[in-house]
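Right after this note come the structures.
You will see chain A twice below: alongside chain B first, and alongside chain C after that.
Let's turn to the complex of A and B:
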């Protein structure tokens, strides 16, 4: 790569082609600037010196305050010269120097004089300079001139004043707003650019007044707008008006749509594109409205201008996310763009095709992409890999060809980020598509045979250790893992040892052979590898340390504490006689402010974060509850909900609650954080009022002894409920505690405390809490194999709904089941939709649901609900949830 | 807003840069990013052939003219099409001043005039003048002909 920041003059000494700025030096140029003070000004020489100063500034050279002031004063002397070229340079130089407020006064009078000069161009330039350097107070003095300038018959003067207005509006809006009439007049100007600038300014002045913007748009869409640039602005303002007019999405009634459509026939490509883009971005746009816009974009796809091709494919790419069917007509043109020289265009084309393609075109598409992948940069490849991952999740039956594609690109050259993206994708596919598991794991095994990235190798080895033993033939992975012990660096070797031990612990048949391999690792040259081998051999093979399960748990169980907390505790631990106690590590993750939690979005994560996924959270909850003797006889934990916030963000005490559902019990785990450094809370308890949850009876509560600042803790309340039924209710909560003042200097709490209460939000237990989301990869097979014995079918009227999609979403959330095969997405403007759901009901009963929605009249939604499960009471219960929801 | 206009030579050294509304601490990042973009893609590109890229909501249109590569960065209303208009105005003006696609030497010889014409084309992040003839006249402080 070229070095961007080396000064230009360092690198060429070619006599014949030397730079005019060769050897330029700030001090010398500042000396030269003294010519500005000469009584007999040499305009040519002065221009040259200004050019040198400009060059220095452009090279990132900075002037000290004193230097800048000196140059500025000297430059102001040049106003005496009558040379036009020099005057133009002076204007530029003053703008570049941006003098400070107390210096501005020096040039103000000269500039004011120029502002009223008979030479038009002096006026234009003086306006621009003054607006750049002036502040509010001076502005009121020159306001009169600026207003005149806006309607000046010289377009350059008018434009200068208008563009200045756009800038001044940011700092002194009240002044510019007074110019409305003049700006309005300028909008009617015959000069194209004046109209463009005036329109931009007028819109900014009125942007908060919806009615005024609407009027402006109405008048201009009828009249003639002269420049394509202004026309583009008008299109943008029009779509803003349409957006704000909002609710009326009925086709035909949309205001201004005809105007947008007429712009599709404009002679300027810029206007056509802007109109097409505006149409595609309309809320609830119909296919009839979309068609003409898509047609012009399709034409642009084969334009000779790369910018047009890029703009078109970028817009179509966006349309493909919401209206994939509308874009399919462009697929042939898009396919030819795969070989476009501009790689940005090619990548956009590919990702659009991946979105619009149907199940039958997947193979053909993959073939084309294979050729394309070899000649694009990694950053583009990552985009493609992500698109393929989404495609595979959309068409799980096509996993074979998509997985093969991923594995083949995994074998090719590529950087870390790219390889990581592929590996992450394969891991996600393995997790979400059970059929893809075995082949996916083998692909990963082949990859680590020749993987240059230690991080990826260790991550894959860990993943293999977790998933491999659960496959039908775990032994076939051993060879790949043991090869690592011979061929890799110490970090990977240590990982491989752990993975081997994992297989040994999980698969009894393999244990003796794994031990043989582990024994060989005892002679490794690296301490860590030998230590791990010794540990595993002695623990798994020995008799100490309790039952076999205890031993496995000790070796492979998670630490039971969040890693962040463990890290903090370890950092705080000072080496002493007393050993570090892992039980002293707080178990609850600090409750984050809501905004932060929402930020990461729904992007699936691959290897980077598998242990933090839902299953392991459930595991850690289960372990946490088991460690409390009172809950030991509750049986197996069925489900733990996501934390529900009971306080606003940034309050004194942050509390969220996790609902743990057991067969006959429910436990509320209140995670509390004290955010006040000067307080220590003791005997923290939540008083739960269950008067609106009659079928629940409180068994006991487990208070939290102490809650110091910023160290989260939990308190629990347990209820008994009818066995196996989805009992619902509403609970109101009050946090009760003793508060003690803490001396901030010593950190010690006072002995005496005061009892206090803190009202929390109400908590509801809903039917969805009794259903666990479990997906199936092939819904039809699962449905057929379940059989119609316990099927229950009924029809429901859902009443008037905002849209079909909203109705589908509401029912999915009500039931808390897992949508299958992407059926939760409702194509826009469709009149009917089928949604497939699956899950497990309390009592471990599998449930499959088929929802058929239809629009009955303009907004009324009707729904047919078919439920299949292994237990007819469960099928009835699902109907009950819908009937009472 | 036109966020940046940047000229660099064949080695990737900055000749002229104009930033608008870009904090000083981000400029270094932009410089290196643009120059790398050029180094990766501009090889073998014909004069004035436009290349385009976008990153999140920011668009970049760039090209090569003689020994000089030109980059224009914009956001919001200055999308790739508006920027191609801007870069077209800039390349025509530079060609006009230099008489042909410039060598680096010629570009530097005409440095002052190029700075002036850039001042006429982009003013604090907004496109101000688009016609070459008018810009030429404005550099000499002459009113436009249509007036």
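Let's turn to the complex of A and C:
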């Protein structure tokens, strides 16, 4: 125990630093490599030197071209030695050096000799090395040997040839395709790994021939595959065949499903899991199909092996996103995983539970999570916070316990990202659940009392300034805000001043008191704080210019120009007699960063997004459209659709369209991306043919002046349509533009361009485009208060459907309404289901829909549709959508 | 380094053997996801720090980092890792890890630590070479792998007098191992 500390450290250092490669140096090793040239080769010595060279490469050292060539030539001399071990190291070294074509020639003959050697080890390795370094020309020479090797009785040799074949197929497919017969023979091999490699190669040879792949799968699923790895491959190929055939066969049992199900009883866990995963990923999988897969995954949940538990819980987590009810059976096992040593498993278990949980289990779950939160890392906590956020949106009635949970973890220790995730969640809940507003704002107020992150404090203060004045008792927030002016750094103080002014401007009763507070800020030590206080006092004080509304707009209204443009304009502004004119700032959004496209689903939410109005994208669309003068008189934007792709992935020009619905107009926003570096597109325009949309008449289009490589741009086409009606139609689109070649070295475009066209896919405007998803927190109350005056009820037969859940989903998507209270999820095996929907119809008419589904016979689904709204024509319109859909 | 030939074929993105400070003992990358040495080192650092505090000594452990699945197992001062894509079957990766772990155990005759691994680095490198070829799983049976590697090892025919004591011991061990593996 009482050992001197120094001694102990010495010991540890010695041990840790000991290495046979201590003090190794590239120069010295390269010198040593000269032994390769000795007439009397010392095999062991040579092996050691090669190991040293490999060690250097492995540690990240690199050889210059000259050094590599020198070493390569020296190594080729070692083929003279008959030492097995040395030869093996030589093979390894040659692969690591990846010699160039003219160097390869030097070793070709030696390797070809080894390929025909009597020693299997030589043959197998020589094949692998030669195929790795060779180019196409040599292949024809060795093809004969490779074909023989594929059916060699030694599995190592056969595998080496097959795996090499898989690699060569990438570069020289025409050669490998000629080996089909041999590969087919190898599929029948008794050696497990040979079968695996042969199957992989055979599938790749035939992958473009659907029929051949389907035949291959059909013959192999009858049961001649022995190796678990090959069986996994077969499962993957089978799901591919099912996927491709899926669209053709609508009714009846899925082909090959029996095979997948039988694999669930395989003796190898690897195969069982692969099959279970494949089943869960089937397109439109039914609950009956899911059940056996879920059952084996459930068994894995209680395995002693972390890998097995992880694999199972991860797969179930994915299933829970689409079929939450199917996973509920595993909830008990899942709950025991919350305390799993492996935190990845625990987090996946929690988020799965949050997805599958029903309203009644929320409280119990929150209790368990509270215990768990203290001992996981921040990144896992963020995942949990996000899951809780979506749970709260699903069960708005439970906001109280979820909000309490969020505020309690907000008070605990944590890093910036974690705290930001919590604050973002609270902000989203405040916006989407009106009842949660007051308590949420108070939680945020308490948080800024003791918040170490300036960024979060300022964001919250700004948010308070927007939301606080709209509450029933705005005065109770003032104390929290004014405290910041006393206790914080200059940045926070400045934003607290702005927030105070916001309250003063919005709530007349508070104005005199706010002014007193603002006057105190005139003596602040910081310029910015004093400036802001002065500005607000003078402008709001009453003797400024313009009407009161003008002044408020000036202080609190949003800038109608993109900030980037404002920044560049300000940078370009040269101080002169003429004042800076904000109207000179261009309003067009030049180009969006491509990063947005690369991270789908990571749209800014919460505080990062513009704080007014809940859906952040819609808000930015609105601002974008308002900034274009031609659209200014269209009135208020009702709805913007999600982008619809008009081109396949990976085409020359990528185009998607967003449909913006106004009361009497519709605007198509085409987002175009040019993916060819050598081209510059100019005068980009979309020619829209509306012959199949008679009620629409084109007003004008707004072309895009230039579209350089990789920076997306927008062009717009506007249509007029009958007012307030859900007019539908089909539009065909052609992209028209002038192409200019771009010199890749200078990046400059040529002067002359060529006119060109590019056919895009058709676009449809459907009834659902005229409906905005808006949830209600208590459907029954909303339904009762709407009253039966404009209620319309009718019954529909939906015909044979794959399942009840599928029918429910189809109707939800058709109507484009927001499912409420989690009623979109259909419990497995149920014979009837009621689904509650709500939304707003064009013309700002609230719509509530109650759908009752019932199974009528084995597959036939019947539906009763009750609609309530403030306007009977709207109720009729909803029925019209279903009747025609 | 060619990219994985076919998204349907199980593939391994890298095999890492690090010491208890996260330094490289032997690594092999089969994917272009980490094109430079510094990118590779950054990944190794991430993997090492994120797994350092876990107990992966009795059973192989697993985690997800940057959309890769990493399975790992530790023994003494050595940390074994196998990385695959996020769609890969976790159990296949675990099989590869176990193959690597067990064959190194066989080749080092149970003395699995950093010192021994570095002294027999040639065996470790050959071992990786026998398990994965360009991302494709070549063999997963540890006895077969170790057998293929050991039969290739240093020529034992040299007279003992020319060998240092460690070399002599190593040779003796080889003989022993070979007799065991046959």
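Keep this in mind: the second predicted complex is superposed on the first by the 584 of 885 C-alpha atoms of A that agree within 3 Å, B and C clash if a C-alpha of one lies under 4 Å from a C-alpha of the other, contacts with A are read in each partner's own complex, and residues count from 1 in each chain.
Operating definition for what follows: contacts are C-beta pairs under 8 Å (C-beta built on N, C-alpha and C of every residue); 3 or more make two chains touch, one makes a residue touch a chain.
Please read these numbers as outputs of a predicted model, since none were measured by experiment.
Considered on the superposed chain A, chain B and chain C are sterically incompatible, since they clash. With both structures placed on the common chain, the touch criterion links A:122 to chain B but leaves chain C unconnected. Shared-chain residue A:44: touches chain C; no touch with chain B.
With both structures placed on the common chain, the touch criterion links A:153 to chain B but leaves chain C unconnected. When both complexes are overlaid on chain A, the residue A:868 reaches neither chain B nor chain C.
Shared-chain residue A:191: touches chain B; no touch with chain C.
Contact with both chain B and chain C is seen for A:89 once the two complexes are overlaid on the shared chain. Using the contact criterion defined above for the overlaid structures, shared-chain residue A:169 touches chain C, although it does not reach chain B. Of the two partner chains placed by the overlay, chain B and chain C both lie in contact with A:305.
Using the contact criterion defined above for the overlaid structures, shared-chain residue A:381 touches neither chain B nor chain C, since it reaches no partner.
Residues 18-21, 47, 50-51, 54-55, 58-60, 84-85, 87-89, 92, 95, 121, 128, 132, 156, 159-160, 163, 166-167, 193, 197, 200, 229, 232-233, 236, 269-270, 273-274, 305-308, 310-311, 314, 342, 344 of chain A lie at the contact with chain B in one complex and at the contact with chain C in the other. The residues of chain A lying in touch with chain C in their complex are 16, 18-21, 43-44, 47, 50-51, 54-55, 58-60, 62, 83-89, 92, 95, 121, 128, 132, 156, 159-160, 163-164, 166-167, 169-170, 193, 196-197, 200, 203-204, 207, 229, 232-233, 236-237, 240, 269-270, 273-274, 277, 304-308, 310-311, 314, 341-342, 344. Contact residues of chain B toward chain A in the complex are 8-17, 28, 31-32, 35-36, 38-41, 49-54, 61, 77, 79-85, 103-105, 108-109, 111-112, 115-116, 119, 123-124, 126-130, 134, 138-144, 146-147. Against chain B, the residues of chain A that register as touching in their complex are 1-8, 11, 17-21, 47-48, 50-51, 54-55, 58-60, 84-85, 87-89, 92, 95, 119-122, 124-125, 128, 132, 153-156, 159-160, 163, 166-167, 191, 193, 197, 200, 229, 232-233, 236, 269-270, 273-274, 305-308, 310-311, 314, 342-345, 377.
Interface of chain C with chain A (complex): residues 2, 5-6, 8-10, 21, 24, 26-27, 37, 40-41, 54-55, 59-64, 71, 89-95, 115, 118-119, 121-122, 125-126, 129, 133-134, 136-140, 148, 151-155, 158, 167.
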